[in-house]
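Same chain, two partners: chain A is paired with chain B first, then with chain C.
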Partner chain A sequence: MNLKFRHKKITGILTILPENEVKFEDEMDQYNFSPAKSLKLKMAMGYNTHRVAKEGVCASDLCIRGLDYLFEKKLLDKNEIDALILVTQSPDYFMPPTSNVIQGHFGLKQDMICMDINQGCAGFIIGLFQAFMLLEQDEINKVVLLNADVLSPKVSKRDRNSNPLIGDAASVTIVEKSDDSGIIFGNLKMDGTGFDALIIPAGGSRLPASADTAQLHEDAAGNFRSLNHLVMKGDEVFNFVQREVPPMIEQLLSTAGCSREDVDFYMFHQPNKFMLNKLADKLGVPREKMPSNIVENFGNASGVSIPTAIGFNLGTRLTRESLLICLAGFGVGLTWASILIRLENLDFNEIINY
Partner chain B sequence: MEQLKEKLSVIFELDKIDTTLKFVDLEEWDSLSSLSILAMLDSDYNMAMSNADLLTYSTIQDFCDYVIKNRK
Partner chain C sequence: METTIINILSGLRPEFDFSEDVDFMEEGMLDSFDIVNLVTALDTEYGISIDGMDILPTNFSSVSKIVALLQKNGVKS
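Up next, the complex of A and B:
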């Protein structure tokens, strides 16, 4: 569906990355591939180093580090937060919502809404849509959108499909009302028949975690995982992205009356370099306009990959310049969603370590 | 047809691919070469297949025939 929003703006983006950096080479002896093949995999997919949280670090810890930083630097006033949205697939608890835990940690005002959303690779877009909708309310003037995932413990170290690319990270995005009359265009589609293309089979109500679900099994390609681990049908996800994302972007741009060339940057979710390059080619967009360097530097942290790409590739440029950006996220759900938005005069756009 | 065989040879790093074999019979067959084929089909032949589809062909020649006949 097409969505439109008026009088809204993003005023700051902060990404928080765990300091701990893991190299591809340090883990490749755990994969069922010869060293030569592993290095070929590294080259083709653009794997190198990824950021992995130390044991015990939760999504909320990364968020709290980010908010602390913004409060200290006086980039955010905690009394002004009218809504706290946390998009995560790795909450601290099944209950309560982790956003409430964060609210309590900081003693934020009670006159606000806390909301957790279970979304993944499209989580930045879905979170922005929710923020824009909340800002329709008279009493909601500033929304803090948190995207955070610590999924590395959910990935098998012996899974070369997912382990080399997984990253942990969080981001804090400030979304506010604006006097600007420019329209933000959005597009969103979902297909729940593909719910098992990316899934953690055990640990929920359908299949509670047990000693049995923790047993490692080898798949046809020689990867070892248990039912407690994240599993991705790589070929299905690849086909889904190549099939659905280009038409979505064409529809978004045509609804906005905008050409491909008008867009300064395509900041897309970062599954791997291979897939992003294929997408850029298929869309007819120069690869320089669609950065694909997040997985090789930091790993793919699900919904945090787009803010990381914006922070890493544009940095303080966005505090001075005005750029038309096309955002797109696609993955778990299946979900695919995009936004065309002008980013300008941000109060901050940076990356810090945890 | 020759072009498609050439592309497969490049993916498997072979001088000339033996199309009487199945994909799984090739020493270089793995999830990465499989994904490379899916990507090549998508970009050059506008076709989508799954890993499992690739394994249903009894020879690589059968696969090539199917692709050439059904390309869009």
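Up next, the complex of A and C:
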């Protein structure tokens, strides 16, 4: 599905990372790897350091820290927020929506919309699409898009497929109306037949969490996890990404009338270094234009990985420069989505600790 | 090329004999993480980037399959 948006802009991006760093070397003995193999994988996949929230920290806590920071620095006026979108797979509660909890915490005005969206790896793109659509309303001028996930408690510490990569984080992105008539191009596809490629099997209504679902089991590769834990079919996800993402990007650029060279940066979801390098090579994009350094520095925090990549790799450059950026997210759902957008003169583009 | 491939495979999983005529995947001699390391090593050795679409277990099940994969990705025998 091709999408187009006019008169919209991103005016600020803030990423919030838990201060707690966990080193891959400190976890190696939890996995069924030889040390030599672990160190080779560290290089190929980007296993290194990941940020893990301390016990009890929820998605809303990270968001509140970010919003507090923006209010204190006068980078955001709470009275101007017309919509609060939270994209998360780790809400504070089944009900109510966590976005309402955040609204209540700050005493934001009642004349606004709060909504939670259950999306993951493509969650930044899906959230932007939703923000752009809300901004079509006359009375909505400023949308705060929150992406937040604290999924580390949902990953088995003895799962070598997921635990070395997982990161917790949140981001706050300000999306507003713009006088600029430039078009923001988007592309979105979904395939629910692959719903179980990335899944937490138990804990919902289909299979409520119980003592049985909490039992650890060993899989064929020597990983131990329970049905309460996230499970990823790594091979299937890798093949899905390599098959679907390059044609999506080619279609996006073709629709926009852009060449690959016209794009200054490709800020993609950060599943691991190997997958991103293969995507860059397939697309014929220099690897330095598609940063793959988020997993090794912070871990993969699902929908927060794109804003983290923008903050870490471009920082204050985006407060004084104008760059054409291709964003792409892909994963749980299955969902894959992309946006071609010009980011320029942002009010802020920072990373802070929780 | 075959000798180089066997040397790389043996470096990854020294406990197995990769000169044997068996299916490396069916025999459990390689797993998906070994394939990641193998592709990284082959890319470096031959100065190529194996197409992500070709990174399927069946393409790594024998030395001859790996040779065919390398040739498909531009390595001359």
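Quick notes on this structure:
By definition in this document, the second predicted complex is superposed on the first by the 354 of 354 C-alpha atoms of A that agree within 3 Å, B and C clash if a C-alpha of one lies under 4 Å from a C-alpha of the other, contacts with A are read in each partner's own complex, and residues count from 1 in each chain.
Rule of thumb we're sticking to: contacts are C-beta pairs under 8 Å (C-beta built on N, C-alpha and C of every residue); 3 or more make two chains touch, one makes a residue touch a chain.
All values derive from a computational prediction rather than experimental measurement.
Contact with chain C, but none with chain B, is seen for A:279 once the two complexes are overlaid on the shared chain. Of the two partner chains placed by the overlay, chain B and chain C both lie in contact with A:41. When the two complexes are overlaid on their common chain A, residue A:242 makes contact with chain B and with chain C alike. In the superposition on chain A, A:234 makes contact with both chain B and chain C. Of the two partner chains placed by superposition, chain B and chain C are both touched by A:221. Shared contact residues on chain A (touching chain B in one structure, chain C in the other): 33, 37, 40-41, 44, 160, 221, 234-235, 238-239, 242-243, 274, 278, 281-282. Considering their complex, residues 33, 37, 40-41, 43-45, 160, 221, 234-235, 238-239, 241-243, 274-275, 277-279, 281-282 of chain A touch chain C. Residue ranges on chain C touching chain A, taken from their complex, read 12, 31-34, 36-37, 39-40, 49, 51-53, 55-57. Considering their complex, residues 33, 37, 40-41, 44, 160-161, 221, 234-236, 238-239, 242-243, 274, 278, 281-282 of chain A touch chain B.
Interface residues of chain B, counted against chain A in their complex, comprise 30-32, 34-36, 38-39, 42-43, 48-51.
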